[in-house]
Structures are given as C-alpha cells and as structure tokens.
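Below: one structure, written as structure tokens.
Chains here go by letter, A, B, C and D, matching the order in which they are written, and residues are numbered from 1 within each.
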C-alpha cells in the first residue's frame, strides 16, 4: 500500500482543473485548510465552484480563505451558509464581487449544507428537511407535507475535491480531528471524489490510530500533507474580538 | 450598537432570557447578545450548551493565553469544555438540531412579528444573506427566544405586526427580550411580561408597531 | 446533574407499556442488549413493535433475543433485514409464529433500516435510496428518477425506546463502543425518545471520556445499567460454527 | 451442501473470483462461500475488506481462544483487524456502500439471469426473506460478483434466462463463479470465461437454461 503523503501543498493541488467543484472544511479558524487554499491561490485554477460555511474574510486577522480566491478571480460560484455579513457595518471581501455580478452565490442553511454533503457521500440523492420552509429560500421549490408538517426537498451536493484540515493522520489516511476542528471536514471527505488533508502532526505509520477512535476512515482520503511549523505553515490564531 | 440605550443593558436582556432555562436543558446560543446568556447566574441548574459546529457541553470563554485554538463556539470565540462534553461533526450536530433535541435556541433578530414570525438573515437592500444555522434552529428547536434592541438605529420598532424583511421561520418565536422589556408574541399583539426599569408603558407602546397586551 | 444509572435491568424497563415501539441494537452477538431483552421478557409488555437486524435465533448458542419475545407472544410486529433464514435447512423460532399469522413483519434492506433510523434521529422525515429499486419490495411504492437513475422513497423510523449495549459510559451517558459492538447502536439512540444502555464496564464519572472520543453523546441517552460479570450478566460467547 | 460436487470445490470457486481483485480495492464479502475469497493468495495486492456492520479493514478469522467477542464480520465470525482498520456505525457503513466506495461485492445467489439480474433473498414458497445488506450492496457496489453451485440440490440450473425468484437487484451481476466454471452474463446468454477441470462444455450447456457463449 502506497502512502498517501505528498511532499508539498503545491504538489497536492497541482492537478486541480479549471471548473472544479471544491469543498473547504472549517468553521471559523478550526479545521480550515488555510495552507491548501494558499497553494490553490498560487496554482491559479479558475471558474471554481466553492463550498464552505462562509465566503471568508469576516474575521480578523485575515487568513487565506475563500474570499482570497474570489478576489483573485478564481471563483465562478460559491455555495455557503453566509453570503453577506449579518451586520450592516461589516463588509465582506466577497460582497463587492457578488454585487458586481462577477461571482454567483447559492445561499443554503448551514444544516442543509452539511446534510447535502453527507447525502452525497451516503448515496442519498435527495431528502426532505423542515429548514427554510415558509421562507424566501423555498419560493418556487418542491415541498411535501408529511404527518401534517411541510418539508422542503433538498438534493445531494457531490464535490470533486475536498480540502480538509485534521490533527492527526496515518499513512492510509485515517483521520482524527481535535475538538471543533472536526466540523464540516468528515462530511466533505465523504462527498468528495478526491479528499486532500493538511495535517497538524507528523503522518503516523498505518495502524497507529485505534480503529475505534478513527473519525474519518482512510478509504475516504487520497492525499495528505504535513503542515510545517510556523512561520512556514499557517496555523489558527486567536481571533481579534470586535466590540458589538 | 451602544450600551447607552434606555432600559435594560445587553447583559440584563440576556439575564431575562437565561432565567427561563430549566435544569438539564440543551441550549443553543446565537452570535452576539444571546452569547451573554451563559454569564447569567441561574443557580445550580445544569445547562448543556450546544454549538452548531458540533460542540456539546461547552463552558465559559477561555482565559486569554489559555485558548485551545481548535475549540470555538458558533461565534468563533475560543471557549472551554465542561465535564461530559462531546464533539460531533457538522451533519451530526444538525441532526441533533433537526431531531428536536434543542430545548431552546436564543437568536438575535431584526424583526419579530406578533404571529411569531421573525427575520434575522437579510438586511433590506443587501444581496445575499447570513443564514448560518438559524433556519435549522428556528424550524426545529423546541422553543425559539429572541434578544434584540427594541428599536432600530433609526428609531423604528422591531416588534411588528408582520415582518417586512424576509423571514427566518414562521410562527416560532415565543419570547423576546428587548431593552424595553420581556414580550410574548400573542397572535394579535405582544403581551408585555415584564417592563424594564426606567421605561414607561407608553414608551413601549409608541416603540411597538403592534398592539400591546398588558 | 443526576446520574442516569439504574440499579437493575428490571428497573430500567419497568415502565415500558404495551404497544411500545422498541429498537434493539446488535449485529450477531456484539452490541446486542441481551440483559435488557431478558428483563423485558420477564416484564411482559405486549403488542410490541420491534426493530432489529434479525428476528433472532439463527445463531447457536441461543441467547435472549427478539425471537424469545416473539415466542412469549409479546410481539405484534417486527421490522428487520432478515425475516426468514437464507438457507432452506435453517428454521428460525420466528417463522412458526409468522406463518401462523400471529406476528406481522416488515422486511427492509439493512442499509435502508439503518438510514431510516438515522433519519428519524436527524429530523429528516424521508429520503431517497437506490436500494430495492426494481424488486418486489418496491411494488406499488413511490419512486423518482434523478440524474437518470431510479430511487425509492423511504420514511424515517422513529422509536419509543432503544435497547443498546456499549463498552463504556460516563454517568451523563456519553458512550464508547468496542469494535463491531457499535453497529446499529448509535443510530438507534438517535431515533429513540428513551435510550437504555447496558454497559460492559463500571459507569465512569462525568468527564472521564475524552470529548473527541465519544461515539454517542450523552444527550441521546437516558438510562444506564452496568452488566454484572457472568453468570449474573449475559455476555457474548464464541459462536458455534455450523458446516455449510 | 456437499463438497462432493463436480468441478471446482468451494475454495476454487472463491479463488476464481478473488483473482479479479485489484490492488487497493475495497471488497465486501457475503456470508458463506464468498467469505472464502479472503483465503486466496493474490500476492502483494492489498485488499480492504469491508463488512456491513461497520468494520473496514478486517483480516483473517481469529484463532480459537483469541477471539475478540465484540468483533465479527457480516457472517458473525470472529475476525481480526488489519493495520489501518477503522470502525464506523451502521448508517455510516451503508453510507460507504451506497456512496459507491465498494469496488466489488461478492454475494451468494439462488439464481443469476443472463441480463445480470440475480436473486438471493427469498426461496420459493417461504414467507419473509433474508435480505441483509444484499440489496444495498447489489444496487451500489461498483461490481457485483456471484459465487454459487451451478445446479440446485434437485439438479435445476441456477444460470437462467430470467429469474423466477424475486430479484435482489436488476442488471448488476458481471461475473459468476460456479463449480462448472467462470461466467459473464452477456445480455443474451452467458459467456464461458473459464471451464472447471473435469467439466465438459456439454455438461455446462445442459446445466444452464440460457445460451452459452464460448
């Protein structure tokens, strides 16, 4: 069995073509693949469809995130739970490009986003959810009443690539996440044809992780890159709190 | 948003809501003022705080310098864990939400209507929005409580007959804390459950574009 | 916070009413709540709807399982992935009662069974699956073509009680399973109003399990009973292999 | 079922199938004869065995006395784990199956038809059936291979033009090993890919109720 370890972030994203559909793990800083995103910004693939919780850039300090790819003109469309700031005083890097019509957006409730990714990975082409029923998001869409309650039909969201971040991996790709680093990462791995992981710690020999304690099985994972210590690698930092 | 508003301050609004929490409840706190509910002293009632990113049983904000940078609440703040905490992935976290396990979600809002509709994801005149987990939470939590300023920055009421902004969910809000008081959407109008110190009922009436039931 | 620990299996099942819908964890012996099933057989609740992988009794030695409850006349209906033996030479305890019309059965593909339970726990009222399309199980049922493939509509399967078995629990009900003991147990916990667990090891103080290593969070769990050492408690044994 | 059948014995049938496995494949083996595939020597090809109960990467049957009683394969046998194994719950295990991650499932069957339909869950004249994971696996694995005796106990062919028994899935079987040989459903008839030692082509023809393509 070949190790799935790649020597660099550049190597791990080298083959990503224009037009690819990519899911990015992360909720705030934990679990966000900053290093892979930076490599993709350097690689330059265009017309991407990007799936993530937010369009990036809302938090300080600024990190390489989806907003960076948008600013570089690499993104055709985003699918996110946040496509605008929730406070009028905030301005996202994304907003300028969105309002100018240079990038499309699909706004999805966060739980629906997670479940659509999970469904893609689980071979479930569509499911019903109560989220967004009665809202603008449900306009013109198919709903169904079951047991007296109305539900919205939602479709699976398969992706070509998933960019993930984990605490620990063995060479087969079995993953462990630390605390809220987990977030979207496991379901994005399931939804992807090719899952690429940046890993906090040295890649372990196969079998070093207790089979009962694997968070994402290695069968879902294709490429691993060890994150170098700072300043070579990008790591989460304390968020700069703003008064609100 | 300034603290120099009339009536209750931010923490006092949160206190009004937090005092409703019962022992053993699983509580999801939205970003902003709802977060302050976890500061309220509610005695020996044991609350399990759930965050959309899969953290079940988080505790206070981590002291500066002791943050686990891979542990945040829904607002991206570095929190701690209480004994008995567990972490799940995002789909399992929303399984907990949609599955009806959240006893109450406390959310911020732009508007709440007398029929329990509320709006909190898109400001007027903006393209796109910030839904986050609010639509899942609002549709599925056993109770939806709201904390918001009574008036907008330009002085218009946020307690309204019908929402003008696009709604987050319909008919779900049962309790609202504002700086003016504690209110229950009552189908027709809002029932005033408690008046904030220093606020006159007439002030509430003139700041509310729906009937006030006392 | 009160401990969820109960002093005996009898106490843990005492309130189960006639007509309850109960899901039983387990795949072969691992993860099967033999001790709770035995207590339920003694408790005597009737007209039960029972959900499990099999109707029991196919393996030797015989253990307290769904087949025992059927033999005792406690079961109105089973929902299982196996309602008959796959070899003509095998006879299940269940078969006699089923053929006599004394108990009903709903036969469900195993993956559909697991997903229907998970859906119930996840607030998904219905979903589509490719399993069983084109078979007798799909006769007269609603299907839908998506992306050129036909899928069958399946509904969530909520239950009143789940009977589970785990290796380890803390007093709040956070669970860890050992190896294939896990099987249906986590999704049945999610699907249940009340989840009751028999636990291999002494109940641990709250907080003794690393939050990253919890398999089923305690918010899903309501009652815990420690399994006494044999012969007081019932434990898995080596299956007696048969020639085939 | 006796080993005193003509042609290949049980292990030889399994060997024919196992030799198709490619390096890195994720393989699900059904109860009974398919289990024997894991005994076949296929050199240094690394196979990941997946079992419906959520075990990914299991190894050989545990030696007597060294069983982990909480670790079984889909047939309920106490197996071991290979390095790199992982355990998931049942819904996640079938997510792997339905998600198309299984390179091949090897199943037993009562009948296989020339159009790739097959039947393995209900015998004639019985009420109920034993589906297990077969319908999920057959509908979703990248390949479905079958191992079965060429004839029923009363001497009737199992390779047929159309299934008489209720099918498990339609049009999915691409390879069948019987004691008479290795066959591919060919739309019209079965292509004979390999003939078992000691079996004559005429014997295969008379034991097959569909055209034989050679």
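Basically, a contact is a pair of C-beta atoms (placed from the backbone, for glycine too) under 8 Å apart; a residue touches a chain by one contact, two chains touch by 3 or more.
Predicted, not measured: the structure shown is a model, and the values here were computed from it.
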Other chains in touch with both subunit A and subunit C: B, D
A-B or A-D - the one linked by more C-beta pairs in contact: A-B
Between subunit B and subunit D, centroid-to-centroid distance (C-alpha), Å: 55
Chain centre separation in whole Å, for subunit C relative to subunit B (CA means): 38
Centroid spacing, where centroids are CA-atom means, of subunit A and subunit B in whole angstrom: 27
Per-residue overlap in subunit B, given as positions that touch at least 2 other chains: 81, 87-88, 91, 94, 97-98, 140
Sites on subunit A at which at least two other chains make contact: 115, 118, 122-124, 129-130, 177-179, 182, 211-212, 215
Set of all touching chain pairs, with the criterion as stated earlier: A-B, A-C, A-D, B-C, C-D
Of all residues in subunit B, those that touch subunit C in their complex: 24, 26, 46, 48, 50, 56-57, 81-88, 91, 94-101, 140
Subunit C residues within the subunit B interface of the complex: 1, 118, 120-124, 170, 172, 174, 190, 205-207, 209, 211-212, 214, 217-220
Complex interface listing, subunit D residues touching subunit C: 1, 31-32, 51-55, 64, 67-72, 76-78, 81, 87-91, 93-94, 97-98, 108, 120-123, 126-136, 139-140, 166-170
Contact set on subunit C toward subunit D in their complex: 27-31, 53, 59, 81-86, 88, 95, 98-99, 105, 107-112, 114-115, 117-118, 129-137, 167, 177-187, 215, 235-239, 241, 244
Of all residues in subunit A, those that touch subunit C in their complex: 115, 119, 122-130, 144, 146-147, 149, 151, 155, 176-179, 182, 211-213, 215
